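Consider the two complexes below, in which chain A is the common component and chain B and chain C are the respective partners.
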Partner chain A sequence: MSLTRLLAVARKEVLQIIRDTRSLAIVVVMPVTLMLLFGYGVNLDLKELPVYVCDQDGSQQSQDLLKRFQSTKYFEIVRVVDNVPAIEHALDSGEAKMGIVIPWNFSQRLSQGGSVQVQAIVDATDDNTANVLMGYAQGVVQGYSTGIQVAWLQAHGLTLQPVPINVATRTWYNEDLESSAFIIPGVLALVMSVIGAFLTSLTIAREWERGSMEQLISTPVTAMEIMLGKLAPYFVLGMIDVAVCAVLAIAWFHVPFRGSYMTLAFSSALFLVTVLSLGFFISVVAKSQLAASQIALIITFLPAFLLSGFLFSIEQMPVVLQGITYLFPARYYVTLLKKIFLKGTPAAMLTADLLPLAGFTVVLALVATRSFHKRLE
Partner chain B sequence: MPEPANSVVIENLVKRFGDFVAVDHLNLAVGKGEVFGFLGPNGAGKSTTIRMLCGLIRPTSGRAQVAGFDVGRNPESVRQNIGYMSQKFSLYNDLKVIENLRLFAGLYSVPSAKLKDRIEWAIEMANLKGQENLITGTLPGGWKQRLALGCAVLHQPPILFLDEPTSGVDPISRREFWDLIQHMAEAGVTVFVTTHYMEEAEYCNRLALIFRGKMVALGTPGELKRDSMKGELLLIECDPLGTAVEALQSAPGVMDAAVFGNALHLVVQDAAAAEPRIKEFLHNHNVSISRIEKIRPTLEDVFVSLTTTRGPAQESKP
Partner chain C sequence: MFGRLKQMLIKELIQVVRDKRTRFILIGPPVIQMLVFGYAATFEIHNVSTVMVDMDHSQESRELISRFTSSPYFNVQAQLNDANQAHNLIDQGKTTLALEIDAGFAQKLRKGETAPLQVIVDATNSNTALIASSYVSQIALGYAQQAQQQRIYSIAPQLIDQIPSVQLEQRPWYNPDLRSRWFFVPGVIGSLTTLLVITLTSFAVVREREIGTLEQIMVTPIRPVEFIVGKTLPFFLIGLFDALLIGIVGTFWFQIPFRGHIPVLLTGLVLFLICMLGMALLISTVSATQQQAMVTAFFVIMPTITFSGFGFPIRAMPHWMQLASYAIPLRYFLVVLRGTYLKGVGFDILWPQMAAMAGIGLFGMTVAILRFHKALD
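Presenting the complex of A and B:
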């Protein structure tokens, strides 16, 4: 191994990245864009969902109930209509996610001490949102009912036994229940998949396509020196991008960071070497830039997006799919990121994710090394 | 290891691609400081041979030694001792001239003490002074070729392999390029060069004519023109040319007839004896002759006579 030759290849690669505006844009613009996109654009929190109301009763009591809906941050009563078909229309058009119908005998039944039903029609196109909405609505109505019961008992000289069992809930790790805190750390995995696999998948294929490989391998430079020289600049760029993304996440999006920077750097380096090796291997095998870049996106970016737990929780996936996630290094890295950022889990307790990731790193690095030969055939 | 007497030694070298035999049992030795030409049409196996000699592809069978090292077993030692210019220009077009030179100086591990001198020397040699900061892709073809040669000799290799170094380059640049090659040879560098330009072959000390993977002739350009030609050559200027060449193909005593520019080249056993018969033959075919004389064959004549499958002309030979 000659450092002179390795550095010669690395320097050449850096010059080519600087001269190629597309590569440069991917390195500089893409990480920030992805951070902003997922930081602002993707919001899994359910807040101020549009609600249509048809209050057929129009009494003090019905107004009280509606005020309770309005006072939570989950609902936003956007319009009060006077007929049910108007609610149906609003649900059809998507102007409302939920419609509440208070029947004409609402206050009458309540004053008679009877029971009455309030209708809630929910747009269940998105089953997750619908479930959450129904839960919230039930909670609001339950609270109002309890108030009425207490008042009735007091009016009859009785008091209610205090509720025997209470759940005292405290949310940990993501105290504000912000979905951005859950999503943003995972963006690092996306960024690195693009830098690592997508960009490097082009580098060897490009040399074959342009014919420069023939000249390169006619010199004494070894296959290992070509590989390391080509990947080193991308490793440095990838680590810089990790740092930029981490700073954005913490300083701009206020994602809690409770772990150690060393652990973050180490896990990121492992994942980066894994995707770099993968990108290199694809490039060697595909020998065409177009094919290589597409394969790279399919086997690194897509799993990092869909099968890593980045947006969609792995525990909620079908069992078969859960099994498949173990085959993609992104799964371990995203898990590590979430633990390091939100939980601050010490490195010693991360071995369940670090070890498999390191395993992928070693195996893929070896495969990449073995795949590349200095031969034209 | 004692200095080998020959720079390149090829023994029974074979390369097959599937059923296709690209190089067919080649035997050859190239001496130190020789400018050795590998002449043949496209697809004859020239590039395949040169790639095997540079260790870029593996021989199917046979052996080749370059600078005393076996190309199959010791390709890295071979590469330290050679400079190679591939057929297609393959430096980095997006790098500057100086950046390409620095890259190859690094790849050949030119020691840092000599680096500046070697790069300056290469720029001087390639006549690119003042152009160091141009982007390589913007250079005209002739300049690119000279830069590629400069990159290939930064480490002062004793052997140079040039695969059609002047293809696609204008005639003046070609001439300049061959001056450079002669310079290298004078300094003791062995140059192994392929070409399909006949006039370039004249610059070589020795030539191998390659056809369909086989060597059909070997010698100095003079020897080839004197000895390898079967028969003698008659030049005929006549009208109409088309009728004449068609008729002569099957004329008695004519071994070959081909159009060369605005005249005919006719291969016959004995030019003096054939001349009157040809005159009469053409007269009978209503062709008017303005000139007919015996000429010395060019390399192209030799090559054509060695490689054309001989048809009826040869069979009707008396």
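Presenting the complex of A and C:
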């Protein structure tokens, strides 16, 4: 192996990246774009959801309850209707996400004593929104109910606390339950997948498609030199992107960073080598840009998006699929990212994720070298 | 004119179907992605791993714990005697939720005071944390109500039937079991169609230019319009085929209800395909190489899917993003998909979406054809 030849290949690759403005754009602009897209766009913190109300009682009490709904930031009572089919229609058309129906005997039942039901009809097409909505609605109704009970207990001279259990919830690592803190660290894995696998597999597949790879092979450059020379520039770019993303996450989106920068750099380097090797391997196998991009999408980007815990909790997946997630390096990297950013877990306690990731790195780098060697013969 | 168009169509279809790899790309990846998405994409919260720290060891604390063990939302892994142990498990990511019942819990309940229930939740995933803690509150409050009734009964048994309370009756419509799959699978049909149609079409057009066959075609008597129609019509058919394939696989495999009318869905699909083809043609006019096309397509597809409401509610986005989402055809198509699948609504409700797609499609196609004309001259 000669360093001069390796550098020559690397230099050629760098020139090629710099001259192809759009490739350069993807390397520079894409991380920022993805960061902004996910930072702003992927938000599950709902507020001011449109609510229709059908108050069949029209009493002081029912108005009080509705005022409580209106006063939370989660609901926005957009219309008061006088029949249930109107709510039905509003849910069908999407004008309302929820309809509250207060029965005609609401105040009467309350004054007699006993329990009375208020209906919340929720558009559950989006089950998550529905869940959150019903949770908030439950809270509002519960609060109202407690208020009534307090008055009633006092009126009957009972000295009891209105709610005998006080649930004190502490949310660790992400105290304000910000979606952005949960999602943004994982975006790094997406960026690495795109830079690593997607872009490299395309660049190298192009060489195969155009026949310039054979020209390269006919020179004294060895397989190892070609591979390292081609991947080195992308490695450097990838690491720069990690830095850019980390700075954006911390300075712009105010995601807490509680771990060590060294651990972040080290695990990112491992993951980057893994995806670069994978991208290289794909291009050797696929040899066409269309096939390479599709394969890269399916085995790197998609798992990083779906099977890594980036967005969807692995714990909630079917058991078989949970097993499959162990086969994708993105799983370990995303876990590491979340632990480094939010939990500040020290490096010594990260071995459970670092070791498998390192294992993938070694194996895939070997596979990539091997596969390329074979094709040369 | 029709003779030449027919020849062009035949040529394109042969080109697509002849190559084994391309044939695979048309069927394999879409189906795999559908299945992975269907299984992995879930915001449902079940069996959240939970540990209990019971320092009270009373009948009351055991009763409260049993409410959690019998709930499908929680998977109580261990009962510990030390809060620190629970904290460590959360730190290591081995459990998501810790519930602590302090010593004196039962005593406080019996005395009519408020007894605390400490909840610690790992909010690395803010969504899981939010929903899980709302389930915790519901269970704890259910228990609290029962405890309250017992207290009142022990003090003043004659009043027990008169305690006023308001209950919320939750009625999640369209998706009564709150299944994430019902929400995601129809959406995946839209997203995958976007991905496939845009990449396949723009790649095919750019490849002709890259390989130089575009010039060969231009010297034949074919007219530019015929070329454009001949080039896009096959991909319209392919898009239709793939959308139906994904739709049928997703619907039957995951048993998603289809409550609307097929003609409504097909109308939406055709309009949506026109929008996507226009987009793909536009991309191909600004790209000289397949790699450039891929990069450009990536920059178009990522925001499209993020802004469209595919997985993340549009209402939770910043205002400028909500405005931008109106320009995205997928936003409308998703409403049509979910409307026909889950809500079973028809043209009377979905016409604004159809009109918007028709408008965007017409505009996009016109611009694409004009630009294409120029590029060919």
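To be clear about the criterion, the second predicted complex is superposed on the first by the 367 of 377 C-alpha atoms of A that agree within 3 Å, B and C clash if a C-alpha of one lies under 4 Å from a C-alpha of the other, contacts with A are read in each partner's own complex, and residues count from 1 in each chain.
By our rule, a contact is a pair of C-beta atoms (placed from the backbone, for glycine too) under 8 Å apart; a residue touches a chain by one contact, two chains touch by 3 or more.
Bear in mind the structure is a predicted one, so any value in this text is a computation, not a measurement.
**Student:** Considering only touches as defined above, state whether A:Asp20 meets chain B (first), chain C (second), both or neither.
**Tutor:** both
**Student:** Looking at the overlay, does A:Val42 come into contact with chain B only (first), chain C only (second), both, or neither?
**Tutor:** The second partner, chain C, only.
**Student:** Touching A:Val132 in the superposition: chain B (first), chain C (second), both, neither?
**Tutor:** The second partner, chain C, only.
**Student:** Considering only touches as defined above, state whether A:Asn83 meets chain B (first), chain C (second), both or neither.
**Tutor:** neither
**Student:** Determine, under the contact definition given at the top, whether A:Ile148 touches first (chain B), second (chain C), both, or neither.
**Tutor:** second
**Student:** On chain A, which partner touches more residues: chain B or chain C?
**Tutor:** Larger number of chain A residues touched: C.
**Student:** Identify the partner contact of A:Thr351: answer first if only chain B is touched, second if only chain C is, both if each is, neither if none is.
**Tutor:** A:Thr351 sits against neither chain B nor chain C.
**Student:** Return first, second, both or neither, reflecting whether A:Gln63 touches chain B, chain C, both chains, or no partner chain.
**Tutor:** Touch status of A:Gln63: no partner.
**Student:** By the touch definition above, which chain A residues appear in both interfaces, chain B in one complex and chain C in the other?
**Tutor:** Chain A residues touching both partners: 20.
**Student:** What does chain A use to touch chain B in their complex?
**Tutor:** Within the complex, chain A contacts chain B at residues 2, 4-5, 7-9, 11-12, 15-16, 19-20, 210-222, 374-377.
**Student:** Hey, which residues of chain C end up touching chain A in the complex?
**Tutor:** Result: residues 21-22, 25, 29, 32-33, 36-37, 39-49, 90-93, 96, 109, 112-131, 133-134, 136-138, 140-141, 143-144, 147-148, 151-152, 155-156, 159, 161-176, 178-180, 182-183, 199, 203, 207, 287, 289-292, 294-296, 298-299, 302-303, 306-307, 311-313, 315-318, 321, 335, 338-339, 342-343, 345, 349 of chain C touch chain A.
**Student:** Could you pull out which chain A residues touch chain C in their complex?
**Tutor:** 20, 22-23, 25-26, 30, 33-34, 37-38, 40-49, 65, 91-94, 109-132, 134-135, 137-139, 141-142, 144-145, 148-149, 152, 156, 158-161, 163-175, 177-179, 181-182, 194, 198, 202-203, 206, 286, 288-291, 293-294, 297-298, 302, 306-307, 309, 311-313, 315-318, 321, 335, 338-339, 342-343, 345, 349
**Student:** What residues on chain B touch chain A, complex-wise?
**Tutor:** By the definition above, chain B touches chain A via 51, 54-58, 75-76, 79-80, 82, 84-86, 88-95, 99, 102-109, 148, 151.
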